[in-house]
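Got some structures for you, see below.
What follows is chain A paired twice: with chain B in the first complex and chain C in the second.
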Partner chain A sequence: MDILLQQILNGLSIASVITLIAVGVTLIFGLTGIINFAHGEFLMVGSIVTWLAVSNGIAFPLALILGVLAVALMGFVLERAIFRFTLERPTNGFIVSLGLIVVLQHVVILFWNANQKSIPRPLTTVWEIGGVRIASVRVMVILMTIAVVAMTYVMITRSRYGRALRASVEDRDTAALMGIPVRRYITGVFVLGSALAGLGGGLLIALFPITPFTGGTMVMKGFAVALIGGLGNLSGAVAAGLILGIVEGLSAGYGFSEWTDAYSFGLMILVLLFRPHGLFGGTSGPKMA
Partner chain B sequence: MEVYEHDRSNTMIKSVSSLRSLAPVLIVLLLLALVPLFSPSNRFLSLAISAGINIIALYGLSVLFGQTGILSMGHAALVGVGAYTAALLARDFDIGFWVSIPVAGIMAAIVAAIIGIPSLRVSGHHFVIMTFAFGQLLTIILTNGGDFTGAASGLDMGKPVTMFGADLDALPRFYLLVVAFVTVSAVASWAIIHSSYGRTLRAIRENEKLAAALGIDVGRHKIGAFIVSGVFAGVSGVLLAYFLRHISPGQFASFPSIYLALMVMIGGARLLLGPLAGGILVSFLPEVLNLDPVQSRILYGACLIAVILFLPNGVIAGIADGWTWLVRMSKRRPAAGNVSEVGR
Partner chain C sequence: MALCLGASGLPALAQDAGNTIKIGVVAAESGAFVSAGHTLPAGVGLAVKQINDAGGINVGGKNYKLEMVKRDDRTDIATAIAATQELVRDERVAAIFGSESHDFTLAMAKITQPAKVMHFAGNSTLGKVLTPEAVKGGGENHYLFQSEPQEFQRSGSTARGVLSLLEPLLGAKPKKSVVIAGNDATGQFLSSFYITALKAEGQDVPDIIFYPPETTDFSPFLTKAKSYDPDIIHFWYNGDSTLTALPQALELGAAKSYFMFGVDPGIWKERGLTADVPVAMSCVPICWGASSNPGSKPYFDAYFAAGAPHGVTSSVSLLYHDYVHFLAKAWEKAGSFDPDKTVDALMSMKYSGVVSDTLAFNETHQVTHATEVCAAAPGGDITCSMQQPPEKAPQ
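Now for the complex of A and B:
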């Protein structure tokens, strides 16, 4: 029982990072139609910036903010310079993002080599309750994820910006006729999603060492979760992220660790086949003219 | 999937509708077959061999992407099926190169069908993500296959390639073998493009709903094209296993698939010269520019982005378009009135 609780707790902190990626993916893919497979590399860049800042003596909270800002800025530049030209042909955007994966990974390797990078844990306290060891850093990751995802959720579903955004997903032309600056919203969503990836990266390196190749597996999980939860469906992404994180945590804890990566792919394939709009319903991407 | 400007695709269909499109490929391959006469370095030959092995797989991908308009991100996994089939046949059944070729082709076709039948039920970009996931899944299965697949360290290939009792393992001979296989796959790809089957695939590419309305079984033809591309991949996998002598799961994961897609994009998937140009460019450019692997990968990625944004039909088609444009401009200058007839 102790082991079970312990694994669920560990699973929850991994699930948090996966959820942050998945929320970014579900927003970008579900609301703008841009399929950015380099999202995992955005996360990795977030980790690298946090790592650079911490190794230069900057405190972790500030380093985390720097990481988020850097990735948000990168997202802005890439959307304006590249992705906006692919909006009409999502597959081209997807291929471009594959090129970006290669470029971002190897630029990082070029400057900071391919070795593992880690930072000292920003919080070292470990609580022990009834035989279950609770590392405070994991609790911090979980709480921050909850807060950020809740904020995003309120923004998308309650604010007038969120309503305008959902209107432009429903029908771009009509939304534009109603005076909604659709292109600017697309950029905004892309930057928001990128910032979430940057946050995920900063939190990930607080938990585990990372390499320039970390993004690759993480983005597949992010896409899996986003598709399982239903594109554009935030609560779906959170639920699917929790399921996947806990399943992975449990299977690692009970000795099937070599298969952990297979669950997300297998589950995603099954969901796409039988429930193409995800388990919890989604937009299946914006309607293209 | 992607409908390009109508006039451009029309000229393309017209320009490939004759034997003329095969001739330049055959001439290039003939010239390439003469290369060993100039006693090139071993490094050059092994680069050329791996380029050639990729080109065989690329011809399969060009049938799938260039003709049918569906992109697979799991192509390297099908190459892996071919390579592992060859290695397992050689290890467990003492079966050599020439029997492995058809068997691996069939195996890769079967796996392509297993992946394709469910994947092609979903449309467009979901399909691409599915093939990506299947490719990753295959790597995980190979890694966890224990002694049968040699786990993460992979398998060794113990058998030599022989033909009529002659050993073909020396680099110049193996090079000629690869050139021969590239020729066969180029001709096969040409035959597919020019058959009525190829026309059906292009109809699906241009307008899936219209094709379905004309009575074309879209789903079956898409799966068919996926299986055909798998056969090319399987054959290229056998050559790869015999060339490298050692194969491991990492060689067939998602990134090799990305590189294959990149090569076919850079060369251009619709023209017969495209895969040849893409494979050669991507393999030799770093060598010519004297880049280390990290720099050359950055260059590949940047090239891919640039090609998609500026030359969505690939470099060769881009050059051809530029040439037509130049010709048109030079003819326009003397007689500015009558230009509508110029061009292909």
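Now for the complex of A and C:
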């Protein structure tokens, strides 16, 4: 029983980081139509900035904030300089994002080499309850994810800004005629999604060492979660993140461990076959007249 | 001209260009294998510099300098093949070092061997192509040399080192081992040798747990390993993955001790890693952070001073560095760059390198030497040893 509980707890912490990516992916695609496959590299850059800051003596909480701000700024620049010009042709944006993967990886390698980067654990306490070991750093990651996702959810569903955003998704042109600055909102969503990736990166390096190639794996799972939950559906991404985390934990422990990723993506394929808009329903991106 | 040379089967050597002999390196300086890949040009480049600084090599009464020509294979086999073709046909290198990947080496050898270019590869698994028939004069791999011990030797030497160092730290002979390995071609293939080696040393190995290659969260796999209550969890073979997994294993209290293949004690120290249980580490072939080998410190001082980063797999450079020196001595002994005479010279020599005082190739062009294992006690003290590998592969 303690092994089963341990596996469920294991699944929750990595599910948190994947959920942060998935929320970013689902927001950016669902609200702007941009399919950014370089989102994983945004996460990696968040990890690198956090690592650089901690390596230079900055405390982890401040380093984490710096990581978030740096990736948000990067998202702003890239949206204004590149993605903005691909909004009418999402395929172009998709191809651009593939190119960005290589560029971002190799810029990081150029300046900081390809070796693994890690930071000392910001929290080192481990509690043992009934044979189950609970690492405080994992609890921190889970709690921060819950808080940030809850704030994002409230902002999107309850605030005026969120209502305007959702109106833009329904019909960009009509929203613009109603006085909503659609282009500025798109930039805002892209920056918010990027910031979430930066946060995911900062939290990831608190848990595990990273390399310039870490983003690729994480973004695949982030997209899988976003698709399982329904693209554009925030609560769907959270629920799917939990499902995927627990499926991975249990499959590694009780199934063929080497097939862990196959279970996750197999689940995604099944969901998309039987519920093309995801378990909780999603959008097909913003509608343009 | 190059085509004519290739067609006639004559070696396309670079000494035609003057007093400089070109040595090619094909390695992953970008892409997934970059961690090990960048150590190849660093190790070869250091050896070339040392030889040139000492006046070059004297062959047939004439002095020659060496020049390294490196190509990034971008961890892509097609790029490695194209780079090898360019080095052989256009750059007319006298020898090629690389690649770090078994599969790439096999493809590269299809180009280097017909062109009679000396080829050194630090792979432990070339046995199937380095048969007595293939390496004899006129054989299809006569000019191919394996500069890493055979896998059963590396695994055997490593298993002996791990068990001998952990036993006193555990206070009892370890009996049960679980192996955790990456589920890729290399992990599957190499772990079979290591499990055989552990069983040959009397270990009960109830399970080998494979993880997907890009795994960062090892806790589900470690929790499964913990359910066996093992004395040792062996992380085999990817050093970067191992460093990711160990802190998670310590948090979970998954075993009484651990072994991390391919992690240098230098990384352990630099990262300030600690453990409340014994942790063994191994290097391919000797370590830079702590070592029982007196040649380690001067070599790695020079290696890092030349600008190479402190890496998990910096030691891999030694699978190439020593063999540049060895080859240079062989050319001097042969008094010629003729590849057949060079092979004869290599096979008749022993070379005193950093890794071993008695480096020599056996009848199938493979070297034999020990692999270094170090162990960190819970207090932080690190001890190292090099256990000789088994002479024959255990069944």
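Remarks
We adopt the following convention: the second predicted complex is superposed on the first by the 283 of 289 C-alpha atoms of A that agree within 3 Å, B and C clash if a C-alpha of one lies under 4 Å from a C-alpha of the other, contacts with A are read in each partner's own complex, and residues count from 1 in each chain.
As a working rule, a residue touches a chain if its C-beta (ideal position, glycine included) is under 8 Å from a C-beta of that chain, and two chains touch if they have at least 3 such contacts.
What you see is a predicted model; the values in this text were computed from it and never measured.
Applying the stated contact rule after C-alpha superposition, one finds that A:Ala135 touches chain C and leaves chain B untouched. Contacts of A:Asn233 after superposition on the shared chain: neither chain B nor chain C is touched.
When the two structures are aligned on the shared chain, A:Ser194 is found in touch with neither chain B nor chain C. In the superposed pair of complexes, A:Thr152 makes contact with neither chain B nor chain C. Of the two partner chains, chain C is the only one that A:Glu248 touches; chain B does not reach it. Using the contact criterion defined above for the overlaid structures, shared-chain residue A:Leu273 touches chain B, although it does not reach chain C. After overlaying the two complexes on the shared chain, residue contacts for A:Ile109 are found with chain B and with chain C alike. Once the two complexes are overlaid on the shared chain, A:Asp261 sits against chain B and chain C alike.
By the touch criterion stated above, A:Pro90 is placed in contact with chain B alone, chain C being left untouched.
The interface of chain A with chain B overlaps its interface with chain C at residues 106, 109, 216, 258, 261. Those residues of chain C whose C-beta lies close enough to touch chain A in the complex are 30, 32, 34-35, 38, 183, 209-212, 214-217, 219-221, 223-224, 226-227, 240, 243-244, 247-248, 251-253, 271-272, 309, 311-312.
Chain contact summary for the complex, chain A toward chain C: residues 3, 6-7, 10-11, 13-14, 106, 109, 113-116, 118, 120-121, 126, 128, 133, 135, 204, 207-211, 213-214, 216-218, 248-253, 257-258, 260-261. By the touch criterion given at the top, residues 35, 82, 85-86, 89-92, 94-96, 98-103, 105-107, 109-110, 216, 220, 223-224, 227, 258-259, 261-262, 265-266, 268-269, 272-273, 276, 285 of chain A touch chain B in their complex. Interface residues of chain B, counted against chain A in their complex, comprise 1-2, 71, 73, 118, 121-122, 124-126, 128-130, 132-134, 136-137, 140-141, 143-144, 254-255, 258, 261-262, 265, 294-295, 297-298, 300-305, 308-309, 312.
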